[in-house]
Amino acid sequence: MTAPVLTVEKLVKRFPAGRSGLFVNAVNSVDLSIAPGETLGMVGESGSGKSTIGRAILRLTEPTEGKITFDGRDITRIPDREIRPLRRDMQMVFQDPWSALNPRMRIGDLIAETMKLHLDLSKTERENRTVRLAERVHLRPEYLRRYSSDLSGGQLQRVCIARAIATNPKLIVLDEPTSSLDLSVRAEILDLLAEIREQSRAAMLFISHDLGTVRLISDRIVVLYLGAVVETAPGEALFADPAHPYSQSLLSAHLPADPEAKLSRHLLVGEIPSPINLPSGCTFHTRCPVAIGACRNEVPGAERIGDAEHYANCLRIAEGGNRIKPTEAA
Amino acid sequence: MSLLEVENLRTHFISRDIDNQIRVAEALNDVSFTLEAGKVLGFVGETGAGKSLTAQSICGLLRPPAKVICGRVTFDGHDLTAMPADDLNALRGAEIAMVVQNPRTSLDPLTRIVDQLVRIHQAHAGGPLAASRTRAMEMMEAVGIPDPKNRANAWPHELSGGMAQRVLIAMALMNNPKLLIADEPTTGLDVTVQAQILDLLKHLTERFGMAMIIITHDLGIVAHYSDEIAVMFAGTIVEAGPVSEVFEAPGHPYTRSLIAATPERLKVGGGAKLGGQPPDLYNLPSGCALRTRCVFASDVCATPPPRTRVGPDHDVNCHFAGDLPS
Amino acid sequence: MAETVGDEFKRDRAAARPFSLKNRFIGIARVSPTLASGVIIILAFGFMAVFAHWLMPHDPVSAYPERVLKPPSAEHWFGTDGNGMDVFSRVIYGAKFGFGIAIPAVILAVAIGVPVGLVAGYRGGLLDEVLMRFFDGLRVFPSIILALAVVAATGQSLLNVVLVLGFLDSPVFARVVRSEVLSLRSSVFVESAKAAGNPTWRILFIHLLPNAIQGATAQAAVRAAWAVRISATLAFLGVGIQAPTPEWGAMIRQGAEFMVTGQWWVGIFPGIALIFLVFGLNLFGDGLQDLMDPRRRAVN
């Protein structure tokens, strides 16, 4: 097996909560790794720390503790000026394409920017490559001379993707790249991402709150709750057999676009607790339908399930008590 | 008589650009539908399709440059388009209530939630303050706000997104409306919370006998929470009918492409996608607005598509309705 | 696949039409009469300043000793002043000073204020505190007193007036740009620029500056009005430009003496010119934001 392009060990990120002297525990000891060419899906609701992890990996926010190894190099603490050349190999695509592009720059200049910063190319060569990139993301070349306000959301997201792949990076972090797009546009962008993954073999970290979307594009999926990994599994295994009670309820909350589909709802009680005062033990115990006394005190480790690379962090897996009883809803 | 009848509603944005040229965005074009008392109608469509604008046009909430050009809106026997502004005001928040996206920005940040509930009751029903307070407590209980006695005195900023949405729903219910319009009521909320809010809305319509319009871009919500569906594209209802009918046998190419693009049906890298750009409302193609992107389009599509009945209460606006290969 | 139907059916209402200055002006005037009036006033004064030599019936600084303090007449439309100079010609020539001081002063203020605001807003922290407190210090003094003191100390030349006004006014631009940058620096496109590997200077000047400058352009007109007013005030107080230079402030100072004795035309006409230019610049600055308001574009 080849060395992973990215490993994250015991990543912790705390933000000061205003001036209260308290801290928001955004990310709590997360371990991850992504192999070259692999697409890792990262799913969680708001407050799960998924975007913070994505940004910490790219050093867009400073990790509080832990270790991030990119391409064999520990980048956790290296200074900004050493990070900048590395950005050629790690790029990012953001959620909202309307605000992710400088409104005062032409589309062509935006696409060419990463090449200008990292590659030593003549102006003509750069322009040629920009046109080729536009073709790769299926953007008509006449748009290169326009500004972002002239383009639709789907076109803008294509521009963002072209920017990200221009330097042939080894890792692309995609933070909810399709969440703000309309359904049919989302489908086209997912097609494009799949196409790019085939061509470039870049590793991708695909962050989303929507399990359905993540499943379409990921090799493996990580489920996050309150800044910690609760389950890691190959996409199909997770959908077929979600082991962690949180994954089960997340899956069951999804509404398929089929009125005949039976919903087996595992509705959670209440809402996600404050990340300032994390619950003790398993942080999910406050909302978990199958929690037992031990869940209050003991932090569960990763339990392996079946033969596949399927792990879940739940104390009740050993005794088989992790399944929420299905209750049929309307 | 239906509770709400909308006939040939047209809303345009008419403005003058910086070169003194008049520009018209044809945002709503001949929107017609009816809603029976107690039923739930789901409006789906993509950004700019005119879902929210339909609701705003019905309630008289348009702001310039948006303007209703023609059409009739009959609610409970009253013609809303001909109604004086004061009467319409009295109706809104009482007979017709609205729940919007971004619940937190819809609450007055400087007023305790119970006072906001009381205020809307006083504005319409009047009566003794104590009665309004009692009603506020009842409604907070009804929308599942835990410990309403204590929460009543909370400030909006102390509420989570889900809780704020419950407060907004309680506000909408204060005056026992006949129609509740929920405009993207769960967009921005987590899926686990979304399920709670939608279950609540469904339960409340049954309990109070309200009709509801749910506006959403999420087909899953419509599939499970409404009785009827209206699919909008470029300011027109292109397909309408009972939910089970429409999902079972979608008759309009646009509806088909929407259903095919849902995560359960989507095949990444395969299958025909709609393609093309969202319609430019300033420059709509003549006839069917979808024809420049539609694989089935032919010359006849340059003329306005007829409304064709393809099943019980199931209408499709397409020249080829019923004749498309499935 | 979407090209099955030719675009020949398309109603092409958005066909490119040739740019027409007249339509553009009428368009602006309908959206914002304020802005349009500002533009007319500024253009009128600009025309006066540029073509002063063709417009002036007399030399603005040649004295006619035999025609001292003559009231307005066919020969001297605005009368003559205490030196027997033609007030009409002097008012026209004065526009040169109005713009000649205001434009370089504002350019200087922008050149100092904008980079400071940019860096302070982006970096934040101690640097921001120090720069902003220093600029606040500049602003707490009534600007006219400070300008008076500095011009009096450095010598009464046109250049000094420009330098002092430009320097004193730079905090305004620093503030405007800083507050823009504060809201922009956490925006996604700045993070995206950082993620792409942009060095700080590129983030500041390529990404932030063009987006942060909009507020400053509206300010520029308003501050030009301020510069016109303050430079006239300095001259009126006898600091800065001195009579018989045909500068409005200096002319008003001279005219004030004659007001009590009934020769109103010496001070009134340059005063009116000053009011109009200041007014026009302010209208322009205020009207710019009307263009952003879609409700002003509605047609009924």
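Read from first to last, the chains carry the letters A, B and C; within each, the first residue is number 1.
Here is the rule we go by: a residue touches a chain if its C-beta (ideal position, glycine included) is under 8 Å from a C-beta of that chain, and two chains touch if they have at least 3 such contacts.
Since the structure is predicted, the reported quantities are computational estimates derived from the model, not experimental observations.
Participant: In terms of C-beta pairs in contact, which of A-B and A-C ranks higher?
Facilitator: Output for the comparison: A-B.
Participant: Among the chains, which is located farthest from chain A on the basis of C-alpha centroids?
Facilitator: C
Participant: Centroid from C-alpha atoms only, then distance chain A to chain C, rounded to Å. What do you get?
Facilitator: That gives a centre separation of 50 Å.
Participant: What is the distance, in whole Å, between the centres of chain A and chain B, each centre taken as the mean of its C-alpha atoms?
Facilitator: 31
Participant: Two-or-more-chain contact residues of chain C, please, as numbers and ranges.
Facilitator: none
Participant: For chain B, which residues are shared contacts with two or more other chains?
Facilitator: Chain B, residues with two or more chain partners: 275.
Participant: Once bound in the complex, which stretches of chain B touch chain C?
Facilitator: 14-22, 63-65, 67, 272, 275-276, 280, 282-287, 291-295, 297-299, 301-302
Participant: Can you tell me which positions in chain A touch chain C when the two form their complex?
Facilitator: Within the complex, chain A contacts chain C at residues 55, 58, 60, 84-85, 87-88, 91-92, 94-96, 99-105, 113-114, 117-118, 160, 163.
Participant: Help me check something: in the complex, which residues belonging to chain A touch chain B?
Facilitator: Answer in residue numbers: 45-46, 152-155, 182-188, 190-191, 194-195, 209-210, 212-213, 215-217, 249-250, 253-261, 263, 265, 267-268, 270-272, 329-330.
Participant: Could you please specify the touching residues of chain C with respect to chain B in the complex?
Facilitator: Going through chain C, the ones touching chain B are 1-2, 4-5, 7, 9-14, 17, 19-20, 23-24, 26-28, 30-31, 291, 294-295, 297-300.
Participant: Within the complex, which stretch of chain B touches chain A?
Facilitator: Touching chain A: residues 46-47, 146, 160, 162-163, 190-196, 199, 202, 217-224, 243-244, 247, 257-266, 268-269, 273-275, 277-278 of chain B.
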